[in-house]
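Two complexes, one shared chain (chain A), two partners (chain B, chain C).
On to the complex of A and B.
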């Protein structure tokens, strides 16, 4: 029998999708850091997290990743996309690039993605759910309402987040996430 | 709700159904510590280009496919499994993916026994030797249609059948990119087989609550989607529902005794070479009519599953059986244009009816008498009502 008729197949790569996820993770990671300084609800959530927390959110099996850690001052710090040399104690992986695209193009909310078993969590589950709540709030700040409604489990009411708070917060978080620190983070991670 | 004094129910299958589930195959395989699958596929699937969508699902996973063996057509033979075994061993594969229906899954199961048991032949297992251990990971990807036994522990190869709990696929993937049927007859056949399996499983003397749950869900899916799924086999929502119904009906079927229609259809298929689903379509109405004429017990739940709660509760208790049968016949009528309606159209030689009846009776362990089986076949042959 000629087995060469049935060659081994090495599937290709989805480069553009990976780049898109990389940019989204970079912005969200920076926005978490900014939101932990700006928003009182995020601050409260962060207070409840373990002091030595260092987690990543990434795509299986080889990234991209976003590493975020809790600082000594009680805030959050975006630590880049490289896992090497970091004492990570919570790993949140999206099962594959297509699932990540579903989440990052807001076709599927984070909560629904969890329910659909698209996330694999290694570490403390209550901490992971707290991070999902933080991600939801960050998305409210980063995205217009019409898109955020698709991405979060429940859009906050006026009594929970007034338009004034939302717009000032959005302005500050965007400023902090995309400002000077972003360039510094990119250079630090590349070097 | 009545709980039986004793019941057993076995389902090894993990069912994954929904958008983009194909992309979960690598992580599912990784959970079994398997990283290099051999794909067994139907020739028509590679010809239609569906296999490209399948390969794309493995992009960026770091996994290599050991090969795609696509020589399977509409007959599962041991020679195909032995050829696949050569590729499996030469490439150092550690798992199997079956991409297709009926014969593809049978070849994949046979290959799994060969490579896991290192026996070199299936003969001892066909003669009754048990499979004594877990086999290698087997993922079944639903594509186009179902012959009813894929999601079970049955293996049918070279017209011989064996049954083992270890023969269940580990995972079944139902993805809307591959689930739509290729043509109305194909979709109709899958639906009729699922209907027959669900009805047969529910006809036992005392179905278990687990069995009831599977049967009810399968029948609801069929009642709501069969018409649309047969008329437009490309409809994603309907085809997904029918694929799910097939999987659930198969699990229910595995946990119950095969019904008379299934046994006769399998025997006739073996004799004539026509697929069993077509015979089920012809025989099922006569079987229902026979049960009604003999006042055999048909559970009210059949009508509940097929017609829904509102119709069920507004129908007097005494009429529910008849209405349930009418609902089954209505469902079968949706396949009128897609499948043959009479035995004559299926070119069954009349002298073979007796052989088929005797073989079906023997296969049921004489649970159904040869006379009853023959009577059903003759009524169907002559188109004579009970």
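On to the complex of A and C.
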């Protein structure tokens, strides 16, 4: 039998979408680290997380990924995009690159993505719920209101987050996320 | 009927309902190549003689490998680990779960461990961590509420951390659900009301929460109708086997619905109150249900209004203006709780301060409300609620539910107009 008549179909790589998701995950990962130092609500959420937490948010089947862990000092640290050699105890995967694009282009909020079964969580679900809350706050800092309203369940009222807190926090978080540490993280991960 | 932009639905559980359904157990197990089941149940089920009913129905056609009657009120992962050892020592090859939600969840937890290996259930926590077919599991509910016989989730507590963990996978679904009215006949009135209101909550939350879909909706609507038609009759006439069977079916259908559409604020609050204060789940559900509806009214009033049809019947639905239907649903749920309170002689609590523990003391003191509100932030159900729930939102709802007064709607922080399904 000529098996060449029945060729194996290899999945397309969707390179540009993967690169977009990679950049988003890199910025969000760095921003989580920065927000844990800057925002009191994120700090409080991080306090409640397990001390040995090391989680990743990624796209199935083969990435990209963002690995973040809790530090001994009680903060968060972006640990890069490589899963090898890390004691990961919570895995949050988006089912495929198309679903990831929906989430990262803010066509679908994180909560709606959960409702549409886009996420697969392996590990402690309460911790995953807290991380979704942290992601929501980080999005409020990183994105303009018109986009963030698409990404979160409820945009914070003034009583929850004053414009002063939002703008100073935004300035500091962007500074910390995209500053010298970003270059250092990229070099560390490549080497 | 609302068609969401995306949904998935799955229910692989074979359902057998009716008198003498229990007699089919040996044939059903043989069909799954199982010969030596372990019975997983709780001491209450044994005490009222339901295991004897099962034994009589099975006769001599099947050898029971072990009877584990240690399922606690709140399923506990350490109990699961211990029961899995017994299963292995006795060489069992399947499980018959008999009881309410805790016994079912304990059985599901045991099945995960004995099928996939290991000695600690925590290794399989989360959604999608169970990736292989498990051993045969037959679920026989003795309450008409949890719907656990139809759900892909096991809720198991970690008492040290005071949290309820969820184990979610399609492989966790039981293979067969057996609904036999003999198994719920002995259920006392207060338990009948709380468990049936649990089923009502499953059906209603599945209908309006974010993962709603038309297939789940059809199950929800019929479940609401069957509970509404039969619950009060069954409480007044506990021997009404036809009504008992209707409630068992409603519970199963509500289980199918919420297993696919998930639940929101009511369960978020209920899980947290249960974890902190050890209050029975069904009691929490009946108390929080009207608050869950009120809290989300601005996001999905039209969807909630549709519930009036199965809840009150076509005449009331037609006689109520469209814009008033959602309010009418809330009013009728509160009335139902009041009717059940009267019918049970006050043993169906209407608010948190009326819940008493076995010592006759208040089970949910007012001082503990902030701790419950904090726990709600760690419960996954908050992600599926139409409106955002943060700690201060939970505390606000809890304070109203404690007193049993309607929600002050001016205190609800509104995240938008209509929810996008």
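General remarks:
We adopt the following convention: the second predicted complex is superposed on the first by the 183 of 191 C-alpha atoms of A that agree within 3 Å, B and C clash if a C-alpha of one lies under 4 Å from a C-alpha of the other, contacts with A are read in each partner's own complex, and residues count from 1 in each chain.
In this text, contacts are C-beta pairs under 8 Å (C-beta built on N, C-alpha and C of every residue); 3 or more make two chains touch, one makes a residue touch a chain.
Bear in mind the structure is a predicted one, so any value in this text is a computation, not a measurement.
In the superposed model, A:10 makes contact with chain B only, not with chain C.
When the two structures are aligned on the shared chain, A:184 is found in touch with neither chain B nor chain C. Of the two partner chains, chain C is the only one that A:112 touches; chain B does not reach it. In the superposed model, A:133 lies in contact with chain C only, and not with chain B.
Within the superposed three-chain model, A:60 lies in touch with chain B and out of touch with chain C [touch as defined at top]. The wider contact with chain A, measured as residues touched, comes from C rather than the other of chain B and chain C. In the superposition on chain A, contact of A:153 is made with chain C only, not with chain B.
In the superposition on chain A, contact of A:120 is made with both chain B and chain C. Shared interface residues of chain A, touching chain B in one complex and chain C in the other, are 116-117, 120. Residue ranges of chain A in contact with chain C, taken from their complex: 45, 48, 90-91, 110-112, 114-117, 119-130, 132-133, 149, 152-155, 157, 160.
Touching chain A in their complex are the following residues of chain B: 18-20, 23-24, 26-27, 30, 55-70, 83, 86-87, 90-91.
Chain A meets chain B in the complex at residues 1, 3, 6-14, 18, 60-62, 95-99, 102, 116-117, 120.
The touching residues of chain C, counted against chain A in their complex, run 5-8, 125-129, 163, 165-166, 168, 209-211, 262, 377-380, 382-384, 387-388, 390, 413-416, 420.
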